[in-house]
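In the two complexes that follow, chain A is the common piece, with chain B as its partner first and chain C second.
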Partner chain A sequence: MMFKIDNELYSLITLFIFLAVIPQFLSIYNVRLLSVGLLYGLAAVGFNLLYGYTGLLSFGHAMFWSAGAYGLAIGLVKLNLDPLMSILLAFTLTFTVAIVTGYLSLRHTEIYFAMLTLAFAQLIYALIIKLRDITGGDEGIYGIPRFPSDIGGYYYLIYIIVFILVILAWWIVRTPLGLGFQAVRDNPYRAEALGLDVRRVRLISFVLSGFYLSIAGMLYAPLNRAITPDIAFWTFSAIIVIMTIIGGSKNVLGAFIGGLIFIYINTQAMNLTEFWQLTLGIILALLVYLAPYGIVGIFERVLRYVRGG
Partner chain B sequence: MDINLFIVQLFNALFFASILFLISSGLSLIYGIMKILNLAHGALYMVGAYITFTVVILWLGLSWYSMVIAYIASIAVVASLGIYIERILLKPLYNKPQDLQLLLTFALIFILDDIVKMIWGAQYRAFPTIPGWSLSVGEYQIPVYFIATILIALGVALLLHWFFTKTIYGKMIRAISYSLETSAILGINTDKLFALSFALGAGLAGLAGGVAVPLYTASPGMGGDAIVLSFAVIVIGGMGSILGAFVGSLIVGLSRVFMAIIYPVFEIALIYIIMAIILMFRPTGLFGREMRERR
Partner chain C sequence: MTQVSDSRREWVKLAGVGVAGLAVGYGVGFLTAPERVREVETPVEGLPGVPDEPLKIGYIYFMTGTLGTYGTNAAAAIELAVEEINRNGGILGRTIELTSKDEADRERVLDNISKMVQDEGAEFVVGLDSSGDALKVIPLVEDELQIPFIVTHAATPKLTECAKRRFIFRISMYEEPIDIMAAQLVKELYEGDVTTVANIGPDYAYGYDSWAIFSGTLQDLMPDLEFLDPIYTPLFTTDYGTYIDQIKASGADLLFSSLWGGDAATFFKQAIAKGLFDSVKVYMNAMLGATDTLEAIGNDNVPDNVDVWGSGRYWFLYPPHDVYPLNRLFVENFRGKTGAYPPYVAATSYTAIYAIKKAIESAYVMKGSWPDVDEIISALEGLTVSGPMGPVYIRPEDHQGLYDVFWGRLRRGSPTYPIPILDELVVYPPGKVVPEPLTTMVSC
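Our next item is the complex of A and B:
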């Protein structure tokens, strides 16, 4: 391997070994939950390529998750295409959405970029709701086939793809391209002066990040067997931002853990009480004050303390 | 479209625009001075709706004076809620990254939604009838309540204009939105004005909820749709500009209501197309100006 194996990679590999074994001891319900956790983790890692590494806060990443999920579901259910063609359809859709919205929104940064991505995502949400013949409108699309059809088998399909893509993300941020992302994040003017095409670097990061979300969405649709327009609404975009911040946006590991943990906080809160939103809200608020650098930030502080740093 | 239908739809659109203006002027005000995008603003609007519903339907019964009392109650309750949120929750975050403020206001949506559910239950709470009588326009009806709402929104717009141009507090708030540091050096108590602005913005959201509830049923989560349309309004008009919120509300209200008649598929989509086009050519919005950097 051309890169130094660091603590982050060790932690990721350890985590993935754990994730390979643990389903053997879990009920179907929990394996399903863990599958969603893996996909949320993948989504957070993809989102973080743009947010943590390139310094752009998108408030519309739900559009990519839904481009993947709807692209695949429309192909499989509405058009009766074979799986490969459906995947191709989903990728084409994602690519088109990413290039067009990316080209237009990347004229701006910061809050204006966030608002533009939000506008495009809501535009896509509005189209999903209104184009009933293609998308099923409010009711969504049901009966999406799953292969392998049992949850246990499907978990490992998700696992393999997520594993490859997360390690790929770890690798990308260490390549010249990934370093370019970070140069643009830290100081776009200096990056420009050094000869980087800042807008192109941002666009690459945007599209790449969109593909991560799209693949997560594509894996999500068959897992759930059904999709509804909720996955395109702005609150889902907000949840993608939030799980990344919960885990820690400093690195790939943090974002991945954020996604994994979010689904557990969410489900535990739902199981414990009827008022799960209140519980979730209080946990989120506490994290803001107690762990401003995310859960990974806490681990790092503990490690530094143990080592006497 | 015959002329009577047009008039009815025009009032419909202006009513919708009035509600949007009340919500988004507060949102814009808070952003303008504090540089915080208050995601919980829709939730505050929801609380306002429930307060008015409770005062009018559960306590006093439907009448003009009970509506007025209910509006005052909505403003008071939501504005004080705003002060608590600002003083206790947001103040410790002013020197932290903006993401954390965003995360906190998002958490507040969850918290407020469930508190509302605890107090009023999860079912929808609707007014039995629209307050007041109706005017006939051909075969159609226009509720007087629409006209009253439009007048309230216009009154609020004028009051805000007076507040920002004629009173010392309004001028100080405008000074802070230009430059926080300079204002502080000149001896303006920025801390106190942050609380005042947040309370004012929250109070406007409360009033918006109160005015909207007879038409739009109160329900937990009703803030979600409202807030995202208000984002569109303040982005079109210019973030931080009250005039912008006014014009933006009209654009969003009119385009939505008339698009729903002309070509319903693009009813919502058109709003975001307008928003995207404006942002691309004029990122500060129609009436916005270059903002000071966050501190």
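Our next item is the complex of A and C:
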């Protein structure tokens, strides 16, 4: 099957070339920030497979990020497993969480689905807090090893994985499977009539989306070399939703840019005022009202205007 | 022999005359010199080897949200210390500049600390309220930032007891000595009077560790006591009714608690209202000695039928103001700035700034120029700095700040104070209650 190389792919490639070069000109702190930005971008892209492409709003995606992060950290620090086994453990954990919560919550859609995912995610959060011997409880796990150990080197490890997965997402949404996601999103009854197993398609999207978040979490734990249960709390799930909406949920590019940019908006808001949460809130409200298709939507509008004029 | 001795005497005499001559000459010269020359005598370039640009110190606390008062109090105390130091010429002539971040931005704590150090140029960082955060910053600070980091609040024993950190210090007293002293106090005052011990604490590591340390120590001291299953409650509980009933029904006569902040006040007021202290004879709360908690309790809620003991990491009336003026001045200045009596975070964060100043000055004396990080670390190890809580000794083996540990009785503060106060303070020197360096009662 052939794929038309479209503007979105061009934009993504350009963006990644830029992201490959830019760390050479940044301070170590900004490279760290950009590393988080890449991971947030990856998370938003993964989340958007479910939200933008399959039409399901999950309010509990922090559970996948933390399944990856905790799975890896428990493997490396608590069980002293080698990296490969730890990654395997993290994947197993993610898969279990995704299948169980997906199977149970996908009985519903819309707000009911959102509430169910929120509930399951909070359950995972409670488990992390309670299973102190394994997870360290509220004190978390610290001393997670990182390879390569310097931020500059680790950035490129993140970069390569994020690059592959983002391009993969661009590809997936153009395969029959990805088109199936969109068919289910646009009209589940018609999709069913055409012979698609709607629940199964949704479950695949849910699990796939979860794995994206999980990998982001797995890369996040060694970046910080320590994790606390905050990454499993519902506020982090909300951040994942927000950054996707900021960037634009229409395509892979939008979500990725949303994740990248969110980290900078957050940091700037914090520098400007002690009422950073309020500032952040106002920016988000304005974006949602004035640019329902996110930042990428604005660009497209400008581009269309310029061309049309 | 004599010749040598004589010649030495001659030399000394000569030198003496010479010095006297120089002194006279200098004095005459100084007095007769025109004004312009005398101005040159005062240094305008600062001390040798001291950088001109300000010294940047970063701090991070909960500045917003439910725990926001921790941060605002700490910030006020830090500003107070910095104003005092800058007014008197800064540190060796170098003024201090502050930068800060909000610990309430939960997912970004490490990024924000990195920002202060790597982007904004902070050479020291102080702060942290959450124990989880204090443990989380260890790899970042020790392996990447590598600057002195002084924890002023987070109280987990693991920070200083599990391993010696190179760059991380804690100046605030932590939970273990306070809980150990509580057990010793029970033995001293209530042996034979109490039989059954209950616990109500917050449902997270701090609550579990506190009870483990207190009950473990007490069991060794008084093996005949009966220890009930501990009760743990979620943070920010509004109704403690069922827990209070449970304690009442259990027949406990000694109740230990590590509830803190608003929770400690809410529980205490509800316990009085529900008559808990008809059966409980002794109530000990390790975090009661916080002025904001006492303010929330209020002077009307001090019961007479129970011995209530409270502790903390600083109490604004200790050391007594008449014998230790530094504390009096701190309390007055802090009140002048904020209108409130200083809580413990204020005292510890204020002291952290002075510890930095003193360490830099000590290291400078030996070197003659501005010290590097390693030299500052060496100077902090074993440093004694005077804070509002008295002299604080930074133990070199584990980087833990040590000072007097206290428990006091809850009394009405009126008419002198608008809040209840701790009275009849029992004070133990740290040597009596702080474990040996790098030994611990919790699992690392």
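Methods note: the second predicted complex is superposed on the first by the 307 of 309 C-alpha atoms of A that agree within 3 Å, B and C clash if a C-alpha of one lies under 4 Å from a C-alpha of the other, contacts with A are read in each partner's own complex, and residues count from 1 in each chain.
As a convention for this text, contacts are C-beta pairs under 8 Å (C-beta built on N, C-alpha and C of every residue); 3 or more make two chains touch, one makes a residue touch a chain.
Since this is a predicted model, take the numbers as computed values, not measurements.
K.L.:
Just from the overlay, do chain B and chain C fit on chain A, or is there a clash?
P.N.:
clash
K.L.:
Could you tell me if A:L123 is touching chain B, chain C, both of them or neither one (first, second, both, neither)?
P.N.:
Touch partner of A:L123: chain B, not chain C.
K.L.:
Counting only touches as set out at the top, which of chain B and chain C does A:T235 meet: first, second, both, neither?
P.N.:
Both partners.
K.L.:
Using the touch definition from the top, say if A:R174 reaches chain B (first), chain C (second), both or neither.
P.N.:
In the superposition, A:R174 contacts neither chain B nor chain C.
K.L.:
I'd like to know which partner A:V36 touches here: chain B for first, chain C for second, both or neither.
P.N.:
The answer is second: A:V36 touches chain C but not chain B.
K.L.:
Once chain A of both complexes is superposed, is A:M115 in touch with chain B (first), chain C (second), both, or neither?
P.N.:
first
K.L.:
So, does A:L131 touch the first partner chain B, the second partner chain C, both, or neither?
P.N.:
It touches chain B, and chain C stays clear.
K.L.:
Please indicate which partner A:I282 is in contact with in the superposed arrangement: first for chain B, second for chain C, both, or neither.
P.N.:
In the superposition, A:I282 touches chain B alone.
K.L.:
Examine A:Y142 and indicate which partner it touches, taking first as chain B and second as chain C; both and neither are also allowed.
P.N.:
A:Y142 sits against chain C, while chain B stays out of touch.
K.L.:
So chain A touches chain B in one structure and chain C in the other; where do those two contact lists coincide?
P.N.:
After superposing on chain A, chain A residues 129, 233, 235, 275-277 contact both chain B and chain C.
K.L.:
Give every residue of chain B touching chain A within the complex, in rising order.
P.N.:
My answer: residues 37, 39, 89, 92-93, 96-97, 99-100, 102-104, 106-111, 113-115, 117-118, 224, 228, 231-232, 235, 239, 264-269, 272-273, 275-276, 279-280, 283.
K.L.:
Per the contact definition, I'd like the list of chain C residues that touch chain A in the complex.
P.N.:
Listed in rising order, the residues are 63-64, 101-102, 105-108, 110-112, 114-115, 117-119, 131-133, 135-140, 143-144, 156, 158, 204-205, 208.
K.L.:
Of all residues in chain A, which touch chain B in the complex?
P.N.:
Residues of chain A touching chain B: 57, 104, 107-108, 111-112, 115-116, 118-120, 122-123, 125-127, 129-131, 233-235, 238, 241-242, 245, 249, 275-278, 280-282, 284-285, 287-289, 292.
K.L.:
Over in the complex, which chain A residues touch chain C? Could you list them?
P.N.:
Interface residues on the chain A side: 27-30, 32-33, 36, 129, 132, 137-140, 142-144, 149, 151, 224-231, 233, 235-236, 239, 263, 266-267, 270, 274-277.
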